[in-house]
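Below, chain A partners chain B and then partners chain C, in two separate complexes.
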Partner chain A sequence: MQYLVGARSATIRFGDFTAVDRVDLEVGSGEVVGLLGANGAGKTTLIRMLLGLLIPTRGSVSLFGGRPSRATRRRLGYVPQSLGLYDDLTVGENWAFTTAAFGIAESTLPESVAGYRHELVGDLSLGLKRRLAFAVAFSHDPGLLVLDEPTSGVGPLSSSHLWEDIRASAERGTGVLVTTHNMEEAEQCDRLVVMAEGRVVAAGTLGQVIGDRHVVQVDCADWRGVFAALDGDGLIVQVHGSRLRVPGTPEHVAGLLHRHDLGGDVSAVPANLEEAFVDIVTKASPR
Partner chain B sequence: MTWGLEGGTVTFGAKTAVDDVTLQVTPGSVTVVVGGDGAGKSTLLRALVGLVRLSGGRAQRPGKQAIGYIPATAGLYVDLTVEENLAFVARAYGVSGSDCRTRSEELLERIGLTETRSRLGGQLSGGMQRKLAVAMALLHRPELLVLDEPTTGVDPVSRAELWRLLSGAAAEGTGVVVATTYVDEANRGSTVLLMDQGKTIAAGSPSDIIGAVPGTMGVVRGSDRPPGQSWRWGTSWRVWAPADDLPDGAEPVAPTFADAVMVAALASQQVV
Partner chain C sequence: MRAMVIKEFRQLLRDKRTLGLLVGLPVILLVVFGYAANFNVSKIPTVVVGPEAAESAAQLHAPFDVTEVDPVGNRATVESRLQDGKAAVGIVTGQNPVTALMDGTQLFAVQAAKGAFARMAQADVATGGKIPVIAPEVLYNPDLKTSWIMIPGLTGLILLFIGTLITSLGIVRERQAGTIEQLAVMPFRPWDVIFGKILPYLLLASLDLIAIVLLGMGLFGVPFVGSVVTFGIGALLFLLVTLGMGVLISTVSQNQGQAIQLAIMFVVPQILLSGLIFPVGAMAAGVRWIAYVLPLTYFVDISRGVMLKAEPIAGLWVPLVVLLGMAGAVLGLAVLRFRRDLAPSARHRGEDDFEPVAAAA
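Showing the complex of A and B:
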């Protein structure tokens, strides 16, 4: 299979510091790949390398089958978290500027933002700004889209519109690489790549990344007492209403509750992506 | 004593930033306020802690010394060390020297920042800064703790640590209010308030909000948008049929919390 973008054992060092360590990653046509990682895990450095803005110290990177260059970058759409729009230009002017920069002779403002043509971008809501940034990034029909936290900060309706745009684009054959801390967003990707300390520590579909990890769930009347007991034992307890979820085995947790003379229904339940992520990342890079 | 707002309204000139919102904060519990940009979350929290005057409704809050509040940006001093930041708020809230030391140690241990006590606030990573800001707001053991988007942009590992800290405060009896844009964080609260454009679009426990979804939810696989009210979820579509008339080919499913949030947002748009 021909990948749109690919890294082969890509490594980048800054002095003694290895920011990206032997990373393999591919994005194929029509695929939405989520790139997850703790802050400082090397995601941004990896992306800068995939775009050709940093040269790998070792290994290789290919963009549209060649070395990343000005010519290959033309076929790429990138939406940074800062969006890259001009606040004091109107929607129409932002559009005209970018399409001109990409050398698109004839272009019409997409329907999704056409109603705001004469408004200054600085006056738009964040949801609309993101939609415009997407439209601008999609304007030259890119083969690959790189989106940084694409729905960060927007409400549910705007977020669903943005995902409709992303999916429609993927269905036309565009490959999409999404970086996100939002687990709900990550769950919508076709495939996930998890990084920690510069390395890929897990990859695959949502189900493959979670694997057969389980957490212990405690349903109890006195969540505060149970929280204090488990937290005091050093467990990272997550409270969901009056239900608690902790890593570990039901036997261990039941034992702790028994020792503190506390009641509660203890059971093992499948971990969610966030819990799996915390488990994978903390095991890969113990603090 | 319950803290909160009753029919809270805040106007700025002609703009109504918060429109008749009721929020109840029970000691020993976590209330999560969920909404996107411009929903009115920050103004609501500022009205709750008394930083913005209400133009309508009533607020019930403890005295200033019993409130801990962190705005969406910063909440710490970048040119003070971690320890100095904690000592500074201790002085401001009249926490004695020895109590400050014990409490600081305990909080630093909990947020995993013991080793960084001599580092400048500005040298910490974003996630560490948020954790320190929360520790600073907790130092004087407030009765009401109000946090504006403490987890935005924070990675899931730091987020789990932050939530552990907030749950711990609630377990000790503090009333905790947290604003977030991440819909999945609503599950952390015993009470959730969903906001859009200054208004409440749904409120209650997460299971109440799911239970209140009228009609039937369905899922349709494939790339074509099904008729009716639908939105994308991964490679499939979620369809909401308020009158139980799911389109052909839709498989009925139980609504998720994310579905309930979409339904509340769609329903609120139709009323306008």
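Showing the complex of A and C:
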């Protein structure tokens, strides 16, 4: 079988700078693949390559089994970070333009945005704009959805609605490639591809990406004192209530606490995605 | 405040276009107003016809520049030379009084010629009256109305404004808003986007052109004696050049501010150097060549020639061919650059490099 979209050893250079370095990636029907990485990791550049907006310097990309072309793009729904909507057109006019571009003769504005038909898009809240951008991307029942930071800047409720739409679409067989640096969103993906400095540094299901990584959990009364001490020792400390979580081994953390005359229960616990991501990216980017 | 001033200078020094405008514009204005802004025509192309053509031509001195002496020619010969712009003044001899036909579309040349004839007559009276009486007759713009020569040229300025500035802003706005990326992944052919973007401006400019011509005729009594088709062809070619410049400017501008700067740099020299205000013939030779590389210079020739002189298409072949060449070059380059923005895959590499990604069986 052929994947909906794929990259094989795809590389792109801008002068001496390698923005995407030998990336392999595939998205199949009905699966949601999350492209996870910090800002500047190369996610958007990779997406632009997959869509044919940038030509790989080396390697190849394919869209629906062929080169990105007018015919293959007809089956694509794309929501860029900028949303790609016309602020000076109304909701209805934006919808009419896109459906006409995709050759849809008769279409009805989705219920989620129908109430704003006559509003200028520029006057809408960011959450509503994103909802419209999604509706527009879904308008022609695409085989593949490519979403670049789809929930950036929207509240948790809107974000939740958008993810419901993404999952519903995948259940109907649409492949979804979504870039994010939000860990909670990434956990909703079927597979993850983690990028750092233009390279894929981890890939697989949530469990595979986290692997058997553990972090050290510190239960203590004086969490502020412990936080200051461990942070001062250069550890990345996460606070969960009065519990602190840091990378390393229980023995090492206990030793540090002892050195600072601080107490607390120290134990190893399975890492979450964010901790695994920090570990993966830190090791991949020693700078 | 010192920090603010230093920051401002640092930003300014990095903004090469603004810097160019700050340095370049005063230099352009100095050159233009120093060498080109001249209403005094020092050379008037003149044709002399009729049985006493040779004698009459010998009596003509500067500013008259006798370009043709035709003893068998007549009034029709002169009218033909004036109509196709080969002469600004034509003297018909062999009759009394001798007639000096003048091209009223060349306002400053006619004023200079009238002055020269008056001086000649005065000098002749002082020396005993040997020169025959010359009866001046102004054709095409008998009352030498400024509005009659300005309005045909202004139609060009409006096309220039819409074609260059408004088009470039329209495309740059798409780039700034990020919608151009969305267009690039929609099932449009690059041509659909390019011409879909250009055609509304073409239509709008055409409507504006019709409105300004009708207003000029209605309000100022400007005549339209020539062929509408010839005028339309000239306007279309000129518009294609300006639209091409608009698209070209948009492909090298990241934001609307940059597009406006570049459009100003393109439009301002045309207002000053195209012959719209200052006659090209009166410009110093060092700057006159600039006029000949500006498209508006050729459209001004066409619009004045058709509207005021009923110049036929055959007489306008030079400006029409130059505009056609400019349109082909500018629009071609603009479309290629814009197309590259929309469909980089058009520059695809060898087929061998392509390999569809497929899952293992």
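Going forward, the second predicted complex is superposed on the first by the 287 of 287 C-alpha atoms of A that agree within 3 Å, B and C clash if a C-alpha of one lies under 4 Å from a C-alpha of the other, contacts with A are read in each partner's own complex, and residues count from 1 in each chain.
Please note the rule applied: a contact is a pair of C-beta atoms (placed from the backbone, for glycine too) under 8 Å apart; a residue touches a chain by one contact, two chains touch by 3 or more.
Quick caveat, the model's predicted, so the values are computed rather than measured.
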When chain B and chain C are modelled together on chain A, clash or fit: fit
Contacts of A:Gly241 with chain B and chain C, given as first, second, both or neither: first
Partner chain in contact with A:Arg73 - chain B first, chain C second, else both or neither: second
Angle at the Cα centre of chain A, taken between the Cα centres of chain B and chain C once the superposition is applied, in steps of 10 degrees: 100
First (chain B), second (chain C), both or neither touched by A:Val61: second
Which superposed partner A:Glu274 touches (first chain B, second chain C, both, neither): first
Chain B versus chain C as contact partner of A:His118, first or second or both or neither: neither
Where chain B and chain C come nearest after superposition, their Cα distance in Å: 5
Parts of chain B lying in touch with chain A, wherever the complex brings them together: 28, 30, 35-39, 112, 125-127, 152-161, 163-164, 167-168, 170-172, 181-184, 187-190, 196, 205-207, 223, 231-235, 258, 261-262, 265-266, 269
Complex contacts: residues of chain C adjacent to chain A: 177-179, 181-182, 184-189, 343-345, 347-349, 353-359, 361
In the complex, chain A residues that touch chain B: 36-41, 125-127, 149, 152-160, 163-164, 167, 171, 181-184, 187-190, 223-224, 227-228, 231, 236-242, 274, 277-278, 281-282, 287
Chain C contact footprint on chain A (complex, rising order): 1-3, 5-8, 26, 28, 48, 51-55, 60-62, 65-71, 73-74, 76, 78, 80-87, 98, 101-103
